Amino acid sequence: METVKHIEIKEGITAKELVKEMQKCGVIGAGRIGKAAEIFEEMLNNKCKIFLGLAGAMVPGGMRNILKDLILDGYIDVLVTTGANLTHDLAESLNFPHIKGESNVDDSKLNKKGLDRVFDSYLQNKAYQKMEDLFNEHLSEIEGKRLSGSQFLKLLGSWIKDKNSILRVCYEKNIPIFSPALIDSGIGLMLWGLLAKGKKFDILMFDDLKEIMDLVWESKKNGVFYIGGGVPKNFIQQAMQFSPNMSDYGIQITMDRVEWGGSSGAELKEGISWGKMKPKGKFVDIKCDATIALPLIYSYLKGIKRK
Amino acid sequence: METVKHIEIKEGITAKELVKEMQKCGVIGAGRIGKAAEIFEEMLNNKCKIFLGLAGAMVPGGMRNILKDLILDGYIDVLVTTGANLTHDLAESLNFPHIKGESNVDDSKLNKKGLDRVFDSYLQNKAYQKMEDLFNEHLSEIEGKRLSGSQFLKLLGSWIKDKNSILRVCYEKNIPIFSPALIDSGIGLMLWGLLAKGKKFDILMFDDLKEIMDLVWESKKNGVFYIGGGVPKNFIQQAMQFSPNMSDYGIQITMDRVEWGGSSGAELKEGISWGKMKPKGKFVDIKCDATIALPLIYSYLKGIKRK
Amino acid sequence: METVKHIEIKEGITAKELVKEMQKCGVIGAGRIGKAAEIFEEMLNNKCKIFLGLAGAMVPGGMRNILKDLILDGYIDVLVTTGANLTHDLAESLNFPHIKGESNVDDSKLNKKGLDRVFDSYLQNKAYQKMEDLFNEHLSEIEGKRLSGSQFLKLLGSWIKDKNSILRVCYEKNIPIFSPALIDSGIGLMLWGLLAKGKKFDILMFDDLKEIMDLVWESKKNGVFYIGGGVPKNFIQQAMQFSPNMSDYGIQITMDRVEWGGSSGAELKEGISWGKMKPKGKFVDIKCDATIALPLIYSYLKGIKRK
Amino acid sequence: METVKHIEIKEGITAKELVKEMQKCGVIGAGRIGKAAEIFEEMLNNKCKIFLGLAGAMVPGGMRNILKDLILDGYIDVLVTTGANLTHDLAESLNFPHIKGESNVDDSKLNKKGLDRVFDSYLQNKAYQKMEDLFNEHLSEIEGKRLSGSQFLKLLGSWIKDKNSILRVCYEKNIPIFSPALIDSGIGLMLWGLLAKGKKFDILMFDDLKEIMDLVWESKKNGVFYIGGGVPKNFIQQAMQFSPNMSDYGIQITMDRVEWGGSSGAELKEGISWGKMKPKGKFVDIKCDATIALPLIYSYLKGIKRK
């Protein structure tokens, strides 16, 4: 039987050493952060296809650089995310950074100032005007086309100049982005606006399903990394069920609970019953605000070369 | 200043009287159940268009009859939901009811038995075979067509014979169903299966966006009822922003928290900053397992005639 | 294998019938409410000693009548609770009911008005002055005495005239009250105030430990009912470990989570490892706001005669 | 208006730099970790009396060294904690470290092996035997005495040889420990065992109330640091109400929620209404597993000299 080691902190400790202390500790929340770092390192060493499912207010929450770096470092092979995260990334690319605000606030005053609130951050509503301009400018690239959502998002990435943009770096690194509920987002609204004005093009979301199925079908080894639940997690889980090899590794960071039965809070091991996760796979469920857990885990990984 | 009245329970108390006691009490969770009942009653009396956003394991959780009745009673005008809830409804319609199970269980054993776990309930995996049969049987009705997601779901409702089916009663009562991430579900997989076999048809999700926008555009008064967050809530909220009249009423039942900044846990009043909710609207945020809160609220409403 | 039955609600359904529907349903949160009702009924039929551990803002939350009735109905044999609940009960007995308020409020304004906030309810600060008067009036009954906390609380119950008082009905029905952290409460402060003025008496909390140990030692069959966690739950659990018969039944209503490792969120079954709960006992963990779950469960029980 | 800065992580980043990045970010969870570090630093620079309220499974969770170091570094002036944390500290001092375990486990098997489970860690039950030996050995130091809880805990600290013991370092550094519900703990049980055998001594918990009141009465500036809620938080909050200077600074790490109205989840600013917190004070509420948040904050502080 192994004993719990208490975390020890010396002045000047690096973040990586701190995560190693958490690994040694091995229990409750700290232990799970440690285990996630270990599993991610193994994914990087074991030639598996890494799927990032990304939900929640990650861009307003200050995680944009880390996400961009995860991609630039080559730690992610496929990104599945909400339209909101992409829309927020796009807004920042167009010079509308999020603004530090407050959560205990009179929302009708914000409305008059043109500030859209996301908990304790704000987005200027006029960002949407700039997005519209961008879409109009590049209209010819989509008119008359039949595109999957993911093909469109690649195109969108090519329109962005900001080097910190998640959409941009995915385009550059040729990382596919899936956003299964794309119509449920500011980006979706831009496309709808063009269609409503009579422009002709088809965005065929069922082609996205085909694309991700092809990706998992050919994959020998899979790893999943879920930040938040919702559609991004479920869409990857669903694809894993059709992979001949299921998922060998899984890391999930969420505050959702198991008790209500929804997919967002479900333990990764529940996926074993469905044939999504390998019975002998390595999984860890972290119950923590992702804006705290992700920087810790990434600090540990930073610098590791993928094999 | 009004004092807190303590809830008083007499033998034989009806569920409606219990909710009225909660109204009198007026604070913490019980008070919010009471307020939700009051707001819903006002929605029924005030000729507003009622949008139900439905997420979470509601069918596995025993809420199917209540949801079906909400529709049959005419309490709902538009349904936005996850593909999972529709898939589970479809499975039950095909004689695959959910099974009472356990959450502390060996998932690899379940896998061998063909049981897919949803927390403490199971679904037989062979239900998916039956769904495939149904889709094959009705293939001619979609082949060669261009359909919005909602048009397809109406068609699907017409294929179902089970009178307790949510899909079926929406078809009968002509209630539109939107499922913005339809590709992220068993139903989506069925359609993908047909496309993969070379069948030709287009499911155009962006037409759904147009349809819901038209619905809110013409609406004089809106009320939103959210069970769970996720895409269903956000999709309705997004549409409300484009309604000339925003939302006058809002009820939200969720266990998600505000502190992580995601849409699922956001207070309804945050929507005021975005122009989705009316500054003087009536809103209540209930933090409760929906399988407990919904039956209570519905017990209060049952029998009220909508004006 | 048993299937999930969907809850069915007819107009005029009684709250008891609603809980029976939840029993039939058998899964997720509703199913747990149903199971709790069943377990409590069995406790009432099986001659076991029933310990209520009560934490959280139950009096400000409108639960005072139900708690009082639980005692008057003879459904509770031992009460362990926080000093706060007793202090709030005392305040209401002295004509300081809680006041319906708001949670998004300027607390410094409330402070100037002499209102102490408990989430969305307020207590008038001058209630404490009235408590002081009561203690001064009855000072002779404690001066020079050595009393256990529970003996003192019985005395305090006898000073109260309000028939709705939990303290009062416990006194009348001879139900012992333990409040292990009594010094952490308004009532504790009253006693400290007297000691600080030089009055002489000893409140010996370790005598409470002896008293509850004697109670469990002689008990043939035990049942525990926890509303909230904290000291009340843990103090009863600790006593159960020393009962020759452990606990046969357990119901826990809490929103605390298991993942942080604290006693408040721990599953009841964890108590089996400690020898507090019987391996074959009947337990249910309900994750719900107690101001919603308790009225439902009590509605089911009301009218049952204890054997 | 200040914009949200995205956290940036370079290889080899120190944990302190990581927390500074979180400060820059300024929103959601990461921002709160950053703010807590800033507030704690200000407390260390501003000659205030720092009260640590400590609840939850901190010793089983691997936090013992950090807590011990916080005291050795002179960062804490008063400790208020649960009996459980002290008991776990004592067990480890007697060579019964906690053991890494699992949470999905058959608790009756653990029971047979003499292992008491605390979520995913275990404690050997025979640790209690060793504690009993220690108490018997030092019996003469308490027999015939009248001691406050805090005086007893100081004595207990002097019996411990383990230099990593929280109890021991508090004794050495003359830091008072209050454990208001001491009877609700293994240590309380040891004392009860002696009393039950007829040994004579009085542990007078109301003297603890007097002692902490004296401490706050004379204090010019106060800061509170709450890890978890429960009695430790409330006992300090209660004392602050009687401090002529209330609390200028507050940091709270908890996963409890505000919505149920209990003290554990209450925002620090609620304390303003009660006169516990200064209206212009600096407060931060962190919603995070303390085993993750505390090491981060402490990494930032480590090395700062208190003024």
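Observations on the structure shown:
So that you can tell them apart, the chains are marked A, B, C and D in the order they are listed, and the count of residues begins at 1 in each.
Going forward, contacts are C-beta pairs under 8 Å (C-beta built on N, C-alpha and C of every residue); 3 or more make two chains touch, one makes a residue touch a chain.
Keep in mind that this is a model prediction, so the values were computed, not measured.
Listed by label, the chains touching chain C and chain D alike are A, B.
The most distant chain from chain B, with centres taken as the mean of CA atoms, is D. Here chain A and chain B face each other with the same set of residues for the most part; over half of the interface numbers are shared between them.
Distance between chain A and chain C, defined via averaged C-alpha coordinates, is recorded as 44 Å. Centroids of chain A and chain B (each the mean of its C-alpha atoms) stand 25 Å apart. Chain B and chain C have centres, each the mean of its CA atoms, that are 36 Å apart.
Shown for chain B are the residues in touch with two or more other chains, namely 27-29, 57, 60-61, 119-122, 257, 259-261, 287, 289-291. Across the complex, chain A meets chain B through its residues 55-57, 60-61, 84, 103, 107-108, 110-111, 115-122, 125, 180-185, 188-189, 191-192, 195-196, 202-206, 208-210, 213, 228, 230-231, 234-235, 238, 255-264, 266, 269-275, 279, 289-291. Taken in their complex, chain D has these residues touching chain B: 27-29, 104, 257, 259-261, 287.
Contacts from chain D toward chain A in the complex involve residues 1-18, 21-22, 25-31, 33, 57, 60-66, 69, 97-101, 119-122, 164, 287-293, 295-296, 298-299, 302-303.
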